[in-house]
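Next up: some structures, all given as structure tokens.
What follows is a pair of complexes built around chain A, which joins chain B in one and chain C in the other.
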Partner chain A sequence: MTKSFLATNRSVLVFLLVLSLFTLAVTVMAEATGYGLISTSFVKTLGKTLCLCLIAIAMDVVWGYCGILSLGHFAFFGIGGYAIGMWLMYARTEEIVAGSLANQPLPATPQEVSDAIGTQIFGVVGSSDFPLIWSFAHSLPLQLLAILIVPGLLALVFGWLAFRSRVTGVYLSILTQAMTLALSLYLFQNDSGLRGNNGLSGLQNIPGVSASQDDVSIWFFWASAVALGLGYLLFAFVTSGKMGSVIRAIRDDEARVRFLGYHVESYKLFVFTITAMVAGIAGALYYPQAGIINPAEIAPIASIYLAVWVAIGGRGRLYGAVIGATLVSLLSSWFTGGSAPAINLGFYKIVWTDWWLVLLGLSFVVVTLFFPQGIGGLFDFVAVKRNSDYGPSEGAWRAEEGKPE
Partner chain B sequence: MLRAVVMALSIFFLAAAAAAQDLQSVLQTYSDDIAKPSRRTVDQAITALIDSDLPEVPAFLQAWQEKNVWQNEETGLFYYVEGSDPITLIDLSTGEAVGTAPKSVMAQIKPNAGVRGVIGSALVQYQLLDPEYDRRAAALDAISRDGSAEQLAPLAASIADEPDTGLQARKERLLMMLTARFAPLSEDRVAAIEALSSDVSVDVRAVMNQTLTTTTGVAAALPEGANIAAIREVGPDFDVNTAYAELAAAGLAQPTVTEDDLKSALIANIVDDQIAGVPVAAMSDPAERVRAYQGLVDTGLAAPFVPMADREAAVAAHVFYTQYDEADQFVTDAAAAAIKQIELKVGAMQTADLALDAISLASIYFLAAIGLAVTFGVMGVINMAHGEFIMMGAYTGYVIQQVIPDYTVSIIVALPVAFIVTFAAGVAMERLVIRHLYKRPLETLLATFGISIALQQIAKNIFGTQARPLTSPSWLDGALVFNDVVAISYIRIAIFVLAVMFLCLILFILKKTRLGLEVRAVTQNPGMAASMGINPDRINMLTFGLGSGIAGIAGVAIGLYAKVTSEMGADYIVQSFMTVVVGGVGNVWGTLAGASLIGFLQKGIEFLNPSNTLAAQTYMILFIIIFIQFRPKGIVALKGRAAGN
Partner chain C sequence: MSKRLLEVSGVSVTFDGFRAINNLSIAIAEPELRAVIGPNGAGKTTFMDIITGKTKPDEGKVIWGEKSISLLGMSESQIARAGIGRKFQKPTVFEAQTVRENLAMALKNKRGPFDVLFYRKTANGAARIEALAAEIGLSDQLTRVAGELSHGQKQWLEIGMLLAQDPRLLLVDEPAAGMTPAEREQTTDLLVRAAKTRAVVVVEHDMEFVRRLNCKVTVLHEGSVLAEGSLDHVTQNPDVIEVYLGR
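And now, the complex of A and B:
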């Protein structure tokens, strides 16, 4: 009687189909591979949006499915970005330095090369020595490994400490927010070894690649699309079946799951860690497209925005997170980019660059109050008939959140 | 005609000068030094002037310093002057007009800044006895800024006749400091130093440190008769290479070959892409570089390396020391002992100062968090817009200051108005949003966050991005200074007082009023409270309004010492939550404990690493995360029924 994974998760197939069609369409329209209907910078924006969708589904799994409102996932995203950024910056600077040292009468020693790279990279913070944290920056495989391991390890340790002492609910949210704040404040220092508030820059130049940004942007777009597709599959798998049921049960009543004999902490820790690792990957794909990363990116506010996307898109369904992230981040860049038409009220002119955040904030309140299932909830009207909510009270978990896809 | 008069006058004057020792004659003796003074040569002239004991000397020095003395270039005589062309000449001694001269023959004497300084210090001894209080005080300021041995005697002489007791005490203290540094007898100096060793002021510490200045030195043997401060042993802090470099710099050893020397020698000797037979292409290997350099040494083209053993031997053969610039060992010993005692005292006082700082920081955190303690602690509602209520209160204060220009009145008006504004905002928010979300705490967090970003942006749209000042009344300016180490600004004291008042107010409301009773009842069991006739809706609304109103008042207080910006609330929100969580939810005393812990901790960490407040905040947050592991319910955890679920 057991059905296959895909048969029980029809939304996965639909999502992958839509994603493939979207990727194909962008490929056909891009400068490098098609008719040049959309600019390279827009391809980058779309690629970045896919990365944001990836971290949004991670956030959805940890919050919408497991009930942990983490306000720290953007920190993991940033760590991934820093990890790849260190290699990009090191290797790129190495190329430049090798070029300039080649004109000297004596060929440079390894020490001289390393010193010159250090001066180039850390000159802005008044230093020239490589901090310990850069020990592996010369090696791409090691830094790629760091994208997974550093966020994973941080999430593991933090999660173990927090879950072990049964910190739950809003306390956990505040604690994760504190962790994010601590990390971003630490990175803001010049002697953190990661160039303080200058951050890492020039990440759009891939060392050893002479192709134009037109090509590079579409490669990263493809990579982001593949990562999103795989991430979606992974999380659809994690949240389906028996394990998915346990995870959702933890969200709905943690104590009851514990009394049923499940080791709640392990499940939570697993979800927290794996989503952190995926967030790291998303960050590692995002920042080479953005070109620059600095500590302001991981300020607590970014993680809260992440929660906003997921809430607007619809918690407890992976495609909801994707919709929310896409819609809000694209709308946000449209409004703040100044291309949205201003509304003239006669006595006052609403300029959207000034009022977009007000609109976002208020629409967020409205969504929370009146549409707790978010935009994704609209699909329920199309797909299946609404079932009654779980439990009698106003705050009881709704059927949409508790039911497998 | 005029010239004839002048000539006649000068002849008369010269004649007079010959007759008696008067000012002009003294000046004529040193005519060149006076007219074109230089810092080096002017001393002699000034000494002669002072030695002459003429009563008009101070006035002359003063005028000289202020560039009011002119010289007739033809006769060489000095005058004060009045008017422009023709210039009226005024006699230096009598102060009477003695004739006129065309501007062309008169030259103004303009001593440079260095000379004016020398004149100034010569003037000090006269000023010390000046009848005017301000002059005497200025003279003391000059001495304490730049003391010298010559001032010792005049200062000592001026003490007995000093009419003002305050100045007399200052003079005695200054005399003590001058004695410590410049007295001829070492017994006097030691006695003065010992007397000063209980004083922690900055200038006394400066006297000690000036007495204890050292220079480093190296020699084959310790120099005879030098006042040695310490012998520097070669060890981890002072390695062989540093020591050898010092030797080489002192000319006592052959310099080592540095990396740069090696490189330039190699570059200078490239012949046919080879250096001493080693191909240039191999130079990326440091070992090959050394081999090539050795080749150059062998052919005499470069200075040889100094082997490590030689360096060690050379270092071992010399003694490295630091030497006091002050030759008298008794004096330096006494000063070293005194500074040790002073530093101990200063350390204790710094701790006290740090504690004051920490208390004031804690009261700021307490003010920021107490409103949150009411809404979050008592009601269990996370209000992310709490910071924006703080901001709203601060902007209310700013707007009121625009309307009411008097700072004292405006602050007194601003406090209640800020309370009313934020109370209303809080009640509105509770009615419109939070009331619907009581059973979904995580969503309260997000909805209030939405309000928070909207409010922040609205404030930015109205008031702009630049910081707005909230000026404190002038009676809050300045600081309460205990001594040079311990001081606290009045504004911080005011914030502390405000925090204490709020603590009492909140405690009073919660424990002694009907409202407080009902609030506590609703907190513990809303259903039971409702069946006792309490309207939980109304209580929740009022509690939330109260918490928000306090945030508004905190905003005015915080705005007084920090700038008012649209982001100021966001700076406090995480800290405020920390304060409440660390202290223990649902308890005002807990908030106080949390604020104290965080305030003291932050100041403590900043003290250990003063250059880096960012790091202090980072470590503090890490500490809090770990702290919560061990006391998840905070410092003051509620027990029994009050703890709820």
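And now, the complex of A and C:
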């Protein structure tokens, strides 16, 4: 079954091959495992980019294939980040606290340990008590589970409410933006229990691991590559075959799909939820590489960027989303990082840190208007040449009905 | 003897104060071929909308099958799964997908997301698709994208999708619109054949087409039944003559 699936989806094989080669190349060039041609911070950037590619293909499935323009998937990404971040921060602080308490003449009681951890973590928001939301922070397996379950449940409930009342199109997009905004505003509050606008930090330090960041960075890079590969396989499976057919049909004419006997809402809910869960995984891999997560990451604009990546890369093709996310996010960090040379027009100097967003916005408009297939559409020229017998032929219309309109 | 399959009784629908369907009652047996005719705006499409759950009536009953289930509380997809298939006035096929994919989607199978996700192609299913394609004259077009088909071919594909669902009742809204005379003839044959084993309701206002169907005719006017019987019978009805000629 898997064999025939891969055989009929050649682009999946090509993608996995390219991803493997890329991973190998980075490994060979990295500080920890190779010749040290690229810096550890760049390995992290590349690893984070892979995570962004993962959420981009999720976005492509929900938007490009199923037609639901969700402007809220970064919320799920952020939740994944917070879920893993809580354990990272808790366990790491516990280590530090245990170290300092070990010098005391009397062994510390569990209560003292807990208080000390609480003071360390919540001191910035003027508290030392563990909020309810941290109940499972001590347990890695439970927090790992939360990466999947919390985004999944939120998507399930939100999606059920929205799809059931047949909210579609722009209204649905607005609703998902509202959800993201609400979550981000909630997290900004100090009493949200997640350290308000400080967010969670020090996430790059893995508890119980004494290896250097050089090593840790390449581990996370590998993990991100594996996750992207698996995510790509999963979504290629979902969007191919009969499921893919129904999902695309829902995008093109959902009313018609209902009259074929399909419960459209269940399908949308399935797609919305599964992509939210994958977004959670992507976030959980991203933030340990970023080192810090705060509510600004979940701001509505992030989810809009996601849609821009997918649009520029090409909707309705998974590799398009990967291309869009890679290109735009890397360019974005190049331009906003100040590395891009400013252009002096004589009367005005274009400083890219200010003008990058304008450039991005313009590219988005140009792509949407003139190249709706996005960058990924360029690959069609190659494919069309190979299968030219599939194109419109003279038999497409019948002589009796006259020329086609 | 044929048994009653669908009974619409005393149904009314109002759109913004305008009564599109007015105390309409129609019963359909299984098997049966029925033509519904009437001038534009008579409420023919709305009648189908009510049966298929797209429009909820203000009053009246729609009863289905041996168990006399009410269709009014059911969603569109439930009604479709109960065995009612529908062809729209404007041909609606999934233009971005191939003829085969269109038919495969319509093929009678389990409709749940997980059934569909783990669905595997079967030899049986492939054979049914081939047979349907032959029935609608699209055998050579299976790998073509539906959007490339001619208007008439799209109409047939949609009828093929209907048949693929294997419904007990087919509702066919103006199947011959935009077809050449030769295509129309093939379409009537197709419908007459389908009606051997099922109930088929055809909306059409082309009298020649209806004559070839050679079946009981219901004339709708201003949302209710004006006359019912053989085509000759209804065309002699003075009210019908007035409605058609008085336009």
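FYI, the second predicted complex is superposed on the first by the 381 of 405 C-alpha atoms of A that agree within 3 Å, B and C clash if a C-alpha of one lies under 4 Å from a C-alpha of the other, contacts with A are read in each partner's own complex, and residues count from 1 in each chain.
What we mean here is this: a residue touches a chain if its C-beta (ideal position, glycine included) is under 8 Å from a C-beta of that chain, and two chains touch if they have at least 3 such contacts.
This one's a predicted model, so the numbers in the text were calculated from it and none came from an experiment.
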Is A:129 touching anything from chain B or chain C once the two structures are fitted on A? First, second, both or neither. neither
Which chain, chain B or chain C, is in touch with more residues of chain A? B
Between chain B (first) and chain C (second), which, if any, makes contact with A:249: first, second, both or neither? second
Applying the document's definition of touch, where does A:109 land relative to chain B and chain C: first, second, both, or neither? first
Looking at the overlay, does A:189 come into contact with chain B only (first), chain C only (second), both, or neither? first
Which of chain B and chain C A:262 touches, first, second, both or neither: second
Contacts for A:95 in the overlay, against chain B (first) and chain C (second): which applies, first, second, both or neither? neither
Determine where on chain A the residues touched by chain B overlap those touched by chain C, and list them. 393
Residues on chain C engaged by chain A in the complex (per definition of touch): 52, 54, 75-78, 80-81, 85-86, 88, 92, 94-97, 101, 104-106, 111-113, 116-117, 119-120, 143-145, 148-153, 161, 165, 178-180, 182-183
So in the complex, which bits of chain A are touching chain C? 1, 238, 241-243, 245-246, 248-249, 252-253, 255-256, 258-264, 266-267, 270, 390, 392-393, 396-398, 400-401, 404
Chain B residues touching chain A - in the complex, by the definition given at the top: 263, 266-267, 270, 280-281, 283-286, 289, 382, 384, 433, 436-443, 445-447, 449-458, 460-461, 570, 574, 577-578, 581, 612, 614-615, 617-618, 621-622, 624-626, 628-630, 632
Show me the residue ranges of chain A that touch chain B in the complex, using the header's touch definition. 67, 69, 105-111, 158, 161-162, 164-167, 169-171, 173-175, 177-179, 181-182, 185-186, 188-189, 191, 300-301, 304, 307-308, 311, 354-358, 360-365, 368-369, 372, 393-395
